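Both complexes below contain chain A, partnered by chain B and then by chain C.
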Partner chain A sequence: MPAKPKATAKAANPEPKATPPDAPPVTVGERSKQRYYQTNPVERRFEEVGFPGLTPAEKKTYTHARLILPVANRQVSLSNKTDREYWKQVTKEGLPCRRLKNNYNWGTDKHGRDISTYRIDELKKRSLSQAKLTALNVLHQQFLLKREAARSKGAKLPQEDIDQEKQRRQEMAVLKRELYGEIPGPLANDPEWDDVIPIPQEESQDALARIAYPDDYAEAVSYLRAVMASEEYSPRCLRLTERVIAMNPGHYTVWLYRFKIVSALKLSITDEIQWLNDVALDHLKNYQIWHHRQLLLDHHYANTLSSDAEAAKQFAKSETDFISKILSKDTKNYHVWSYRQYLITKLDYWSPFELATTQSMIEDDLRNNSAWSHRFFIVFSDPSISTKGSASTEHDPKVPDAIIDREIAYAQEKIKLAPQNQSSWLYLRGVLAKGGRGLDTVGEFASQFFSNLGAEDEEVTSSHALDLMSEVYHKQGDIEKAKLCLKELSEKWDPVREGYWKYRLSELK
Partner chain B sequence: MSASDAEAPKLDKARHIKYWQRCHKTFLPTAYTGSDSTRLTFAFFIISALDILSVPLTAQDRAAVRTWVLSLQHPDGGFCGSPTHAMAGENASKGSANIAATFFALILLGMAAETEEEQRSAYAGVDRKAVLLWLRKLQRSDGSFGQVLWEGEPTGGRDTRHSYLASSIRWMLRGSVQKGDENWVEDIDVERMTEYIRSLQTYDGGIAESSTEESHAGYAYCAISALSLLDRHPDTTADTKQAMDSGIADRTKLLKFLAHRQFKYLSNTEAIASDGGTGENYLEAKLGDLSLDGERAYTGFNGRWNKKADTCYTWWACSMFRLLDADYVYDAVPTGNYLLDITQHIIGGFGKAVGEPPDIYHSYLGLATVGLIGGHDLKEVDAGLCCSKDAARKIEMAREGLLESLKKQSEQRGGWGADEFWGKAAEMVKVK
Partner chain C sequence: MAASVEQQQQQQAGPAAPGAQQGASIPSLFMFPPMIRDALETDSSNVQDDTVDEVLPFLTGKEHSQLNAHGIPRLDKERHVRFVKKQLGVLPSMYVGADPSRPWIFYWCLNALSLLGEDLEPYRARLIETVRPIQNKTGGFGGGFGQSSHLATTYAIVLSLALVGGDEAFEVVDRRSMWKWLCQLKQEDGGFQMAVGGEEDVRGAYCASVVISLLNLPLDLSSDSPAYAAGHTSLLSGLGEWVRLCQTYEGGVSANHGVEAHGAYAFCALGCLSIIDSPHRSIRRYMDVPRLISWLSSRQYAPEGGFSGRTNKLVDGCYSHWVGGCWPLIEASLSGPEGPTAGPAGRPLEDTDVDDSLFSRNGLIRYILCCCQDMSKRGGMRDKPSKYSDAYHTCYVLSGLSSAQNKWRLVASRADETLLGDDLWEVLPHTKGEQIFDEDDRIGTIHPVYAIPQHRVDAIRSYFSSKEGF
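Presenting the complex of A and B:
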């Protein structure tokens, strides 16, 4: 047996008497260099003056120090006896056989910075973090083993352990990010998701319309893809859909998937609606939100509301309350108005309240065409006074005259307030068509918005009245007057639509 | 020529090219994450804008379009909206195809072809039969279409966007294959589709999601364009007006609705009022307020009655006038002025309205409208497909090329029908 090298004790004390003491190193690299010189005597002198420039003593040390290396490194093997002699000599002379190498490679950090340029305290901090991460990793491995063991017995780990592991992974994530720039997302850090292998989306270098996804989104989507593929419907998946929806509410299948979870787990529809309210307020222009709501309504109706009139009424009330709230933020939101119609039809909620809310919205803004349009629906689609399936443009004999009269009066009242408002005139025409009444029945009313047509002192306060009267005159056979209306519109009162009025003129015969 | 004509506003083509090249070559900002499901749509806007601007793509870029688009094809028919919705390998059928994505994918494949040979094989790799059968499954009994098949059922709105997309996809892939031909695939119910669209006209003559809802120029465009594509014949025989005639309940009222989407845009006042709170309503011009001579006139378009002007509605309205042969209803000059002076952005692209930054959607539809109106050194634009006429022609070539190759394949099978061949070989073996 070769003697164990015991050189450390004395080799650590080599001779450099000539060199002045170094200034304490600032960076890790400087310290390495100093240590290198400390363990390689005469090396610095050698670098400075070359071999011929060394003193004889230095030459001897330098040569001996080199000569011993092949044996110390076991490149040359000696007989037992010679080996013993060798080590005796090395120890006696204090020859340095344990020597640090030059240009130690410290590697780079996450920013690509050479660690040898770190200050000593920076490295110390980094090493501490690495040690801490290693320790945490040991505990993490323990957790995995413990869980595996529990699972094989069909048991579960206590919540306390899971909570600790969650905490641990958060700490590990912070450390990994700090040390190596790794960004393990929140799901990878959650033991609850350990059994899911995420399926990241494939993204080639020359893919089109690439988006700078936030890290959390890319992670959440890769887990979503995995659970949707394995058709898992569970509370954790419900929470996952929420994560994805918050970042991409336009995701066209996450909503369908979410609905599937809600129905599979028989979750409370009102809770889901409550949650949806906040999402809707955050994303006013999103379409999927309202489609989801419609699915929830259908589901709720089939399971509960269809057989419980009181619950249906309650639900309709709370829904219309929320709709009013959201419409106060965006009075013409198409999806919201669409859903409102769907709700009313589905729950048969043709209440005077509905007419009243539309009315107050029109009063707030006479030009809110969405509100006018809704009023038309409320009045003329109400099954108690209308024919099912009657087209919006056609006469419906079932609608009582009183209602037609009421609506004509309503439109006329609003027209007088704003004669140039398109919505109220269109409404008036729509009501007349529903009532099977000719435009001539409002000829007198329309005539008040212009005077002295064709004369020098012609006055017009509503171009829509002129348009309507051109049709009335035409029907009455007064082509010249009809033409005059269109001519005045084209040339004087509504020239932006000159082409349209001229086309109308050309159609007059 | 008056002074104002001489100084007519110009399309800053170089800036638009820069804008679209930036969209093409760099990551879209994080804010687009909410549009992650419609990346194929954005890819279409980008590639098609460069096409309208006559910026040629390199062979590598064109190959990349093909590879990427085909990677989004779903094994059961259709294309997925983005890599988020597409799955690879054995999970492929767990992805989710979308009707809009399929429309944009097919246009992109056509657009990425350059030489005639490339054009004829642009649809190689598209499973025509699967797409057409999938399209059939997306149609509901009322004639409307869903956007996605979910557990075998069409889901999503019943609005005309889906009818339009279905009609376009059908035009792009179906061709004039007759019943009894090898490549015959059961068609969608065209009659129901037409009837359904017909039922959507509202009391004011417009078209809405349903006849009781608020009329909307976007839904109207989709309805009219869907009908026009049903009428567009795949072979050289003249187009008919059959679907257009039976799918529009009241053309006069519809024209009136469309004519009123335009209004005199009061530039100064709206710019000031945009943060002053006039809300959603446009500013009514004072009745009979004529422009002074030489003053530049602007025509803005809105999508619904009494709403503000928006760049995209110049497209939805003006292209509809084209489809209805009713260009006389609007004046192209002040319309172009509005786009070029008011919403064209200094960094390229178009904003939604005055003072708004450009975004991909409005930039594309603004550019397409300028191309539709004509001039400004842009390619001519196809009002029905919303891409250049050049691209539309390539798509026709792609379809014919695909049908030809399918025919060849079936002929080969007919002559040396696989079953027959192996059957005979087996017999011969037995005899020996």
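Presenting the complex of A and C:
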């Protein structure tokens, strides 16, 4: 048998007099409700039975209680005498002249939870935290005043005070987070940054591709904007850049700013390079690092290395060592190779050592085209044997024949190991162009990579050889053979480039 | 008609039938590893082999449930549009790395939406409000509020503003300070730095040329420019010569002098040259064209069909644009101005239906539609199947698809050499040879130099062409 609903039982009971005492409230909301009823007599009965359901005494109390408010709130003005009489009557009837409103709004906490659903002890705890925060804030304000006073006298606060303040801000941060979910960043907590007013990014809600920045990052870049705007170059700014870089190494602005700080403070370039090495190892694909390094190199060169050949050599050595370390992890890193070339040009480091390390990288992976490109650079851009400003695809008469011969032999040796490797063929062509030698000078060499062209048993071990030979035959006047090479490439050996081979065919005359 | 296409799909490549792929006609070129392979294994050949293994199931249809008669899945526009729109919304905190390059996201997404036929009108006001605080008083736009101006982000924002169009968008740009800033970036050797104190590379040459020509900025160099002291008097003087020295022994183009040839820099070089003069003059003047074409052509691999960015590196969907986008400029440099397309009664321009393209359009289309689409709930386009889609790849894969599906022609060269980028171009659907994609999947077009739709280029240019000085 189902239990009788409580409400029905209550409604059936017309006897209103003995209201059962309230059970002690569990939540803050319940307590508010109870207090509301305590300060609003008959209100609960009114809600239950309505005005007609009240006893005459209740009706009187209810009505009189309602009449108090306009007078208490001075909405109705009474003469002095009437006023006295009025309050006498109120006191006699024991009517409440202050009444709590219903549905008091306690607000919500950081999780969006309504505080009225807090248990009483929870609210107590929260209030205690609020009181603590207020007390800490008083001390914090005192600190600020004290520091201001000290500053105006040109003095500094004792370290002890600053340490206490740091401690205090940490405590405040914990309380703020606990109470309001506010996360005052580490910079706002650091008295060192108090004089900087951060410049936050304010964007409308519907800005395009709006990034939900992590709080720490948003705070750090807000301070960054402020110190950049005021053109401050100081140790704390250097630390700030490090902080931002750790969170976002692709932030080019912070790198450019960091370089300005390093040069303004005349910091040790080798220390900066040392620091940079660790960052580079952590972020292999980042390239701001390498431009920063290039700026450091320029700076170091202008101030020191240009007048100290030995130091320059040392620096080049340590740099190439580090570059090699990075390249061993990422063998085709474009920006690292690019920096390496810049370094060599800047420091005139056209050493046999450089050629040897590149060679060993080629030998590790014959298809590492970056290493081949670097070899071409160190051989043909060396100012002692080349013409400045000579384009890469044009003949440079200044390059000695012996070097051309050596490089041809090197390329050919590597082609034999892997005839379909385009890197070594492109290198061979590049060397021939630099040397002003025709492709026909390697015709015999290239011919070994195919046989029986056009026949049933045609064999080709290098499409690049066929490509080259079509040009050789053409030059030799054997148009038919040149066409045959291109036709076989187009139809059989490299058909994805059919359009190109056909274009080449159309160019043959 | 749509129904008949579907029926055809059902018959020829129904999702359930095992071995349905055999019904589709896929050239063996795209089904098997290349004919010539060296025995010697190195790191590069190993990752290349892995890549071929990775893409073959996508190329042969095993990874797809719906294929057309050519073994190609549809372009899932809806899915990709959804992905792109999401990128323009609120991005989670892991995107903090994109903070310095956020303007790129505007361009990538808006351009992708435009290629997919979406209306950009709803983004105009939002874009304008978003980019305003990114402009610096000293000229140019940075990556975000309070960041130093950078040519890449400035390029991206100018193109984005051109994409949404309208006077209010164009007026966001402060042309005077932009000009001053560009003068600061111009270097003694003729090239451009990307930012004051930043790196000098061929991106700078391209981005600066685009910005100068779209905004119709004066070319005179301010006397406080680093280049002025070296004898330069114009923003563009010595630029062609500077770009020329970026061509490498391989025939391709490097970031700056002496580095390795790279597909993205090839596009920047050709784009820059096609702005400073008409391509048949400037590309021929500053580039070794036969070597360049040979190198560009070598970027296309089989069986993948896509382009790689460097010799012996892997295919990546983004080079569909960086390398694929070079072809119209190369073709224009070879043919020169071709005059207007003849009407029905006029001289037939196409005397044959044979595809005379310099690259395999169908190979590229195959790679893009089979390998670069993320068909999961995520959507978007990607580098290759093992990579996640992103806004960058979505933009450039679609741009590459567009250049493979459509044919640009240089109609008339600029009347006056000083009218930067004033050549007349025309685009038509490419119809020669076999069409392997469904006609519904033909996407919009972008100008071969400016990489936004032609009418958007015309609108911003005509807005600023009336301005002399500032």
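The working rule: the second predicted complex is superposed on the first by the 392 of 509 C-alpha atoms of A that agree within 3 Å, B and C clash if a C-alpha of one lies under 4 Å from a C-alpha of the other, contacts with A are read in each partner's own complex, and residues count from 1 in each chain.
Here is the rule we go by: a contact is a pair of C-beta atoms (placed from the backbone, for glycine too) under 8 Å apart; a residue touches a chain by one contact, two chains touch by 3 or more.
All values reported here derive from a predicted model rather than from experimental measurement.
With chain A as the common reference, the superposed partners chain B and chain C clash. Within the superposed three-chain model, A:157 lies out of touch with both chain B and chain C [touch as defined at top]. In the superposition on chain A, A:203 makes contact with both chain B and chain C.
In the superposition on chain A, contact of A:393 is made with both chain B and chain C. By the touch criterion stated above, A:461 is placed in contact with chain B and with chain C alike.
In the superposed pair of complexes, A:505 makes contact with neither chain B nor chain C. By the touch criterion defined above, A:421 reaches both chain B and chain C.
Once chain A of one complex is fitted onto chain A of the other, the partner contacts of A:369 extend to both chain B and chain C. After overlaying the two complexes on the shared chain, residue contacts for A:248 are found with chain B and with chain C alike.
Across the two superposed structures, the residue set of chain A contacted by chain B and also by chain C is 199, 201, 203-204, 206-214, 217, 221, 225, 228-229, 247-248, 250-253, 256, 291, 331-332, 334, 337-338, 341, 365, 367-370, 373-374, 376-377, 381, 391-393, 420-423, 426-427, 429-430, 433-434, 460-463, 492-500, 502-503.
For chain A in complex with chain B, the residues that touch the partner chain are 199, 201-204, 206-214, 217, 221, 225, 228-229, 247-253, 256, 287, 291, 331-332, 334, 337-338, 341, 365, 367-370, 373-374, 376-377, 381, 391-393, 420-423, 426-427, 429-430, 433-434, 460-463, 492-500, 502-503. Partner chain A is touched in their complex by these residues of chain B: 23-24, 27-30, 32-40, 42-43, 46-47, 60-61, 64-65, 67-68, 71, 81-88, 91, 94, 96, 98, 147-148, 150, 155-157, 199, 201-205, 208-216, 249-250, 253, 255-256, 259-260, 262-264, 279-281, 284-285, 287-288, 290, 299, 304-307, 326, 328-331, 334. Contact residues on chain C toward chain A in their complex (touch as defined above): 29, 35-38, 40, 42-45, 87-93, 95-102, 105-106, 109, 123, 126-127, 129-130, 133, 142-148, 150, 195-199, 244-245, 247-251, 254-256, 258-262, 288, 291, 293-295, 297-298, 300-302, 305, 310-313, 355-360, 363.
Those residues of chain A lying in contact with chain C across their complex are 199, 201, 203-204, 206-214, 217, 221, 224-225, 228-229, 247-248, 250-253, 256-257, 259-260, 291, 294-295, 331-332, 334, 337-338, 341, 345, 364-370, 373-374, 376-377, 380-381, 389, 391-394, 417-423, 426-427, 429-431, 433-434, 460-463, 467, 492-500, 502-503.
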